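Going in written order, the chains are labelled A, B, C, D and E, and every chain counts its residues from 1.
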Amino acid sequence: MNMSEILTTTKALLQGVEVVTILFVVVLIASIPLGFVLTLLSRCRIAPVRWVVNAYIYVVRGTPLMLQLFFIYFGLPYLPVVGKMLVLSGFSSALVGYTLNYAAYFAEIFRGGLLAVDKGQYEAAQVLGFSKAQTIVRIVMPQMIRVALPSVTNESITLVKDTALMYAVAVPEILHYAKVAVSRTANPMAFVVAFVIYLIMNTILQLVFNWLEKKLAY
Amino acid sequence: ACGSNDATQPADAPSTDAPAEDAAPADDAAPAEEEQTPAEDAPSDTVPVEEMTKLVLGLDASFPPMGFTDQDNNIIGVDIDLAKEVCTRLGIEFEAKPIDWATKEMELDTGKIDVIWNGMTVTDERKEAFELSRSYMNNTQVIVVMNDSTIASKADLADKVVAAQTDSSGESVLMADEIYASIKDGAHKQYADYVTALNDLALGRIDAIVMDEVVARYYIEQNAQPMTVLEETLSPEEYAIAAKKGRTDLIEAIDKTLDEMQADGTLDKISLQWFGKEGMILR
Amino acid sequence: MKLIEVTSLKKGFGNLNVLTDVNFEVEKGDVIAVIGPSGAGKSTMLRCLINLEKVDGGTITVEGESFVKDGVYASHEQIKAVTRKMGMVFQNFNLFPHLSVRRNLTIAPTAVFGKSKEESDALCESLLDKVGLRDKIDAMPSTLSGGQKQRVAIARALMLNPDIMLFDEPTSALDPQLTSEVLGVMRALAADHMTMIVVTHEMSFAREVANKILFMCDGMIVESGTPAQVFGQPKDRRTADFFHNILE
Amino acid sequence: MNMSEILTTTKALLQGVEVVTILFVVVLIASIPLGFVLTLLSRCRIAPVRWVVNAYIYVVRGTPLMLQLFFIYFGLPYLPVVGKMLVLSGFSSALVGYTLNYAAYFAEIFRGGLLAVDKGQYEAAQVLGFSKAQTIVRIVMPQMIRVALPSVTNESITLVKDTALMYAVAVPEILHYAKVAVSRTANPMAFVVAFVIYLIMNTILQLVFNWLEKKLAY
Amino acid sequence: MKLIEVTSLKKGFGNLNVLTDVNFEVEKGDVIAVIGPSGAGKSTMLRCLINLEKVDGGTITVEGESFVKDGVYASHEQIKAVTRKMGMVFQNFNLFPHLSVRRNLTIAPTAVFGKSKEESDALCESLLDKVGLRDKIDAMPSTLSGGQKQRVAIARALMLNPDIMLFDEPTSALDPQLTSEVLGVMRALAADHMTMIVVTHEMSFAREVANKILFMCDGMIVESGTPAQVFGQPKDRRTADFFHNILE
């Protein structure tokens, strides 16, 4: 395979980068707060709320994302009554599915992060007159985020790679374009290009998170 | 290319300029749909063909030359050219949607695509599950081996590693053949796609592949592979277009338009373009 | 009117009765040292006072207002209003590690009580002067020594202008040299007539600075009095034993 | 779909459970020690060794497992000279690929676990006459494993779900059989069955690891 | 022959010269208390003695054998042979948390030095008797109090039958009551004529138990002598300042 063919292949694969990037950004922005809400709900005083949230986290983490995407994309429209309103496009399904999936993972990460916040911090805040909500927002969250950040980085890197599953709901992404290029050219060069693209994306991601980690250090 | 076709119709091109006469069989309001349980089947509010503005065609976009992706990620191929022409004549928009082949039933069922049109072989199960068009192409399941292989006939497959694509007609034909019991391990090797299988054939992991003749020849020619298609074939078969069960109006409209294209020589034009000769596509 | 009145305070954890019957009074300007063996319930008593633990019974009255009466708690607002009169300094400082010294001091006044930034900053600077840490105003807690951390914690509690300061072993996480810095600040507070309740193992501090000693044992205050009385002529055998045991 | 069809589908899918289980067990047994070796090498005194190991971990974690499997299965035979000996079966490729991939993840987990072992432990061991190797085996590893176990559990659950990628190198597994069943019956019930099978496998796994965690607690 | 001789020991971390010139001798049976302000280099000196830090210069001789001579280290085996004569007890105990008390004591003799299980178990039991913790033989370290942990740590060091025991602030992580347990064990060791070097903040212990005080400041031993001399008539101004500063 010569240089110009590699360039052509790369150009074709780069078409997948846009959709991957959008998915990545939207899912991260949506699932991190959602995950934190789940974390708080999983420590809620009302037992049934805790059960539901924990069951949710348990099921989502125990089953493949691809099947979850299938249910959202193909399964939801079959629901009685509301089904009609739930006919989502492939990309919307992916957004919803990845967000719900990653929120469960982030919830677990944040749960661990909360454990790292000393009991004394809550007590000091209470004694200084902070309400529960103020304590969470002003004192607990900033400390928890710092502890959780390395795991969030890890999960984000996984998300970049997981975007390849989007094709299950008919959204062509990098790996799909690589596959069709391989099947056209009968030459695995496109996979090498995909490999490099993923590596570059993850490198950028890691640099961003390292910078963030340094900024949040105290 | 595949020459094993009988009934090579003369390419007379009457070319009646009026593309679609739109005979509008308005009585086909598809009452057949009601036989499915309505509660479970919420997304089945299908639009009758004359109200359709767009035809969404689902395909596994890596099946050259029937439907595949070019270097700029445009979807092209025999089926695409056919479908585009049909849509033009029906006066509706056309969209090709690449899907994961494993999800084609669900895509169709949930109305995310209108037809599967991707060199899909007619089988009894599919006749049951889908609304199928009349066949528009003949195909044969052939045996592909390396040029230097000792396999020269179907009988030579005994004790050899034989592969087929999962859920393909090649697979079902192979499994139905009497030779199947004697191949190595008494079972074939399954692949997600042809390219993987052909790659493994080149590497020597497998000895033979049973696959669609159309694809095999195209692949060998395009990529100058040292592979051969054996003379002896398995069963002949046909390609058809699938729509969701009950969508007889859509299938009838497509069938009718294809007949017109046959009559005015459009099919031959497309055949010439992709296979280098006329008559490959015929009704 | 007494500043604090505690009567028949009871508190258990599960089957363990930690406080069986605690009674005492605090006058304005008192510096009270609470001493006693480990596990006696000193910390628990202090934590009940400021509502970090819920009592099982008894009454706590601060400046005439009770937030718990015979084991029955008042409304949330009432509790907040009463406990706000007290500040607390913890053994482990519990500074907010993600905030600078300045923000540690000003976050409660500004974010919780709506004071202006200027007012809080001015108070912050004067209190840091008082504890001798004006130059550390922009430092992060992690860069401070233990003694410095504890002095910041004291300043932080003072920001809310409490009438009473509670200290739970404020120096026991510090080594002797750093201890003296913190005790110095506490002495200065006592000299300013701040009312203080100090749970401590520093007998020298208790003896020199406190005007009243409470000796706790087995969930009760078994002896109380001036330092001279308690150290000099302990009436209770347990008090005498305790002094005998600790190495001095 | 009636009960008997569900049973048939389930039986078909269970065919995939065996290969998944074997892969899972072998990969876990192979990649955990390999990961620990990588952890030790990544703290090696010889700088080039550290670089190579860190680069390895970095690349493996930054690229999709599916592409790595492709390289082992399709790419290795193209290597000059040794290529001919490296024509692995799909299953062997999967074993090698998953092991190399998971070893990198475990290496990162163990690296974190080592950080949790107090410096004082090394000093106490040295003062008591332990050699470096004895210190690692007798003192550091048992403590590190306890800290790392929750992350190892997480990674193992991911491994169960990742087995679905085996089909990329032509090894049929649960999800593959589910897809076949769906296309045969034209009914997505098989995906529901697959969902349940994954959930059950992960539940068993989690129970085993919880038991282990309790056993290793001190 | 002196048990330990240290001459012109030098040690720095980067640009910081922690030990500038340390010289002292230890006779058999000596109980030496090393005192001095924080940052003086006490811990560093002790750690150099047992090869937890590499010195930059100087000689350390134990029972006539040097493992470092004028800053040049002997062979690995030689170092091991010499340092084996010393046991060390850390401020933070450093028990192995994953092993029971018994295994904490016996792991080094059996796994490292190839002693038999029976012999080690017998020694383990008698040493636990000595520190008063025979009943905790099967307990895990996490279930022990700080004072108990430290006593186990002492017993663990004694398992290898050292000629000299080094202690780095063995009680500073303990509160006063727990401290007395540990000091009790150390007193008993001293009474048994164990040679000991103890870095400590417990002036009372230094005064009562040690027969020799080393006062360290700025990386040197600025004053040494009997407790009476050093506490009573400090010659160096820094010593006097130190005693003045710490609250007693």
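Here is the rule we go by: a residue touches a chain if its C-beta (ideal position, glycine included) is under 8 Å from a C-beta of that chain, and two chains touch if they have at least 3 such contacts.
Small disclaimer: the values here were computed from a predicted structure and weren't measured.
J.: Could you run down the chains that neighbour chain B and chain C together?
T.: Neighbours common to chain B and chain C are A.
J.: Please flag the chain sitting at the greatest distance from chain A, going by CA centroids.
T.: For chain A, the chain whose C-alpha mean is farthest off is E.
J.: Which chain pair has the highest count of C-beta pairs that touch?
T.: Chain pair with the maximum contact count: A-B.
J.: So which chain is farthest from chain D, going by the mean of the CA atoms in each chain?
T.: Relative to chain D, the chain whose C-alpha centre sits farthest away is C.
J.: Using the average of all C-alpha atoms in each chain as its centre, how far is it in Å between chain A and chain E?
T.: A distance of 53 Å separates the two centres.
J.: Using the average of all C-alpha atoms in each chain as its centre, how far is it in Å between chain A and chain C?
T.: Computed value for the inter-centroid distance: 46 Å.
J.: Report the inter-chain centroid distance for chain A and chain B in whole angstrom, where each centroid is the mean of the CA atoms.
T.: Those two chain centres are 37 Å apart.
J.: Identify all positions of chain C at which a residue touches two or more other chains, and write them in rising order.
T.: Residues: none.
J.: Of all residues in chain B, which are in touch with two or more distinct other chains?
T.: Within chain B, residues 103, 106, 109, 199 contact more than one other chain.
J.: Which residues does chain A have that touch at least 2 chains other than itself?
T.: In chain A, residues 70, 74, 188 touch at least two other chains, as defined above.
J.: Strictly by the criterion at the top, what is the full list of touching chain pairs?
T.: A-B, A-C, A-D, B-D, C-E, D-E
J.: Touching chain A in the complex: which residues of chain D?
T.: Of all residues in chain D, those touching chain A are 59, 61-67, 70-71, 74-75, 108, 154, 157, 161, 164, 175, 188, 191, 194-195, 198-199, 202-203, 206.
J.: What does chain D use to touch chain B in their complex?
T.: 74, 77, 87, 89, 167-168, 170, 172, 176, 179-180, 182-184, 186-188
J.: Over in the complex, which chain A residues touch chain C? Could you list them?
T.: Its residues touching chain C are 118, 120-121, 123-124, 126-131, 134, 138-139, 142-143, 146, 218.
J.: Using the touch rule from the top, collect the residues of chain B that touch chain A in their complex.
T.: Against chain A, the touching part of chain B is residues 39-43, 58, 61-64, 68-73, 97-100, 103, 106-107, 109-112, 193-195, 198-199, 219, 222-223, 225.
J.: Hey, which residues of chain E end up touching chain D in the complex?
T.: 50-52, 80, 83-84, 86-88, 90, 92, 94-98, 107-108, 111-113, 140-142, 156-157, 160
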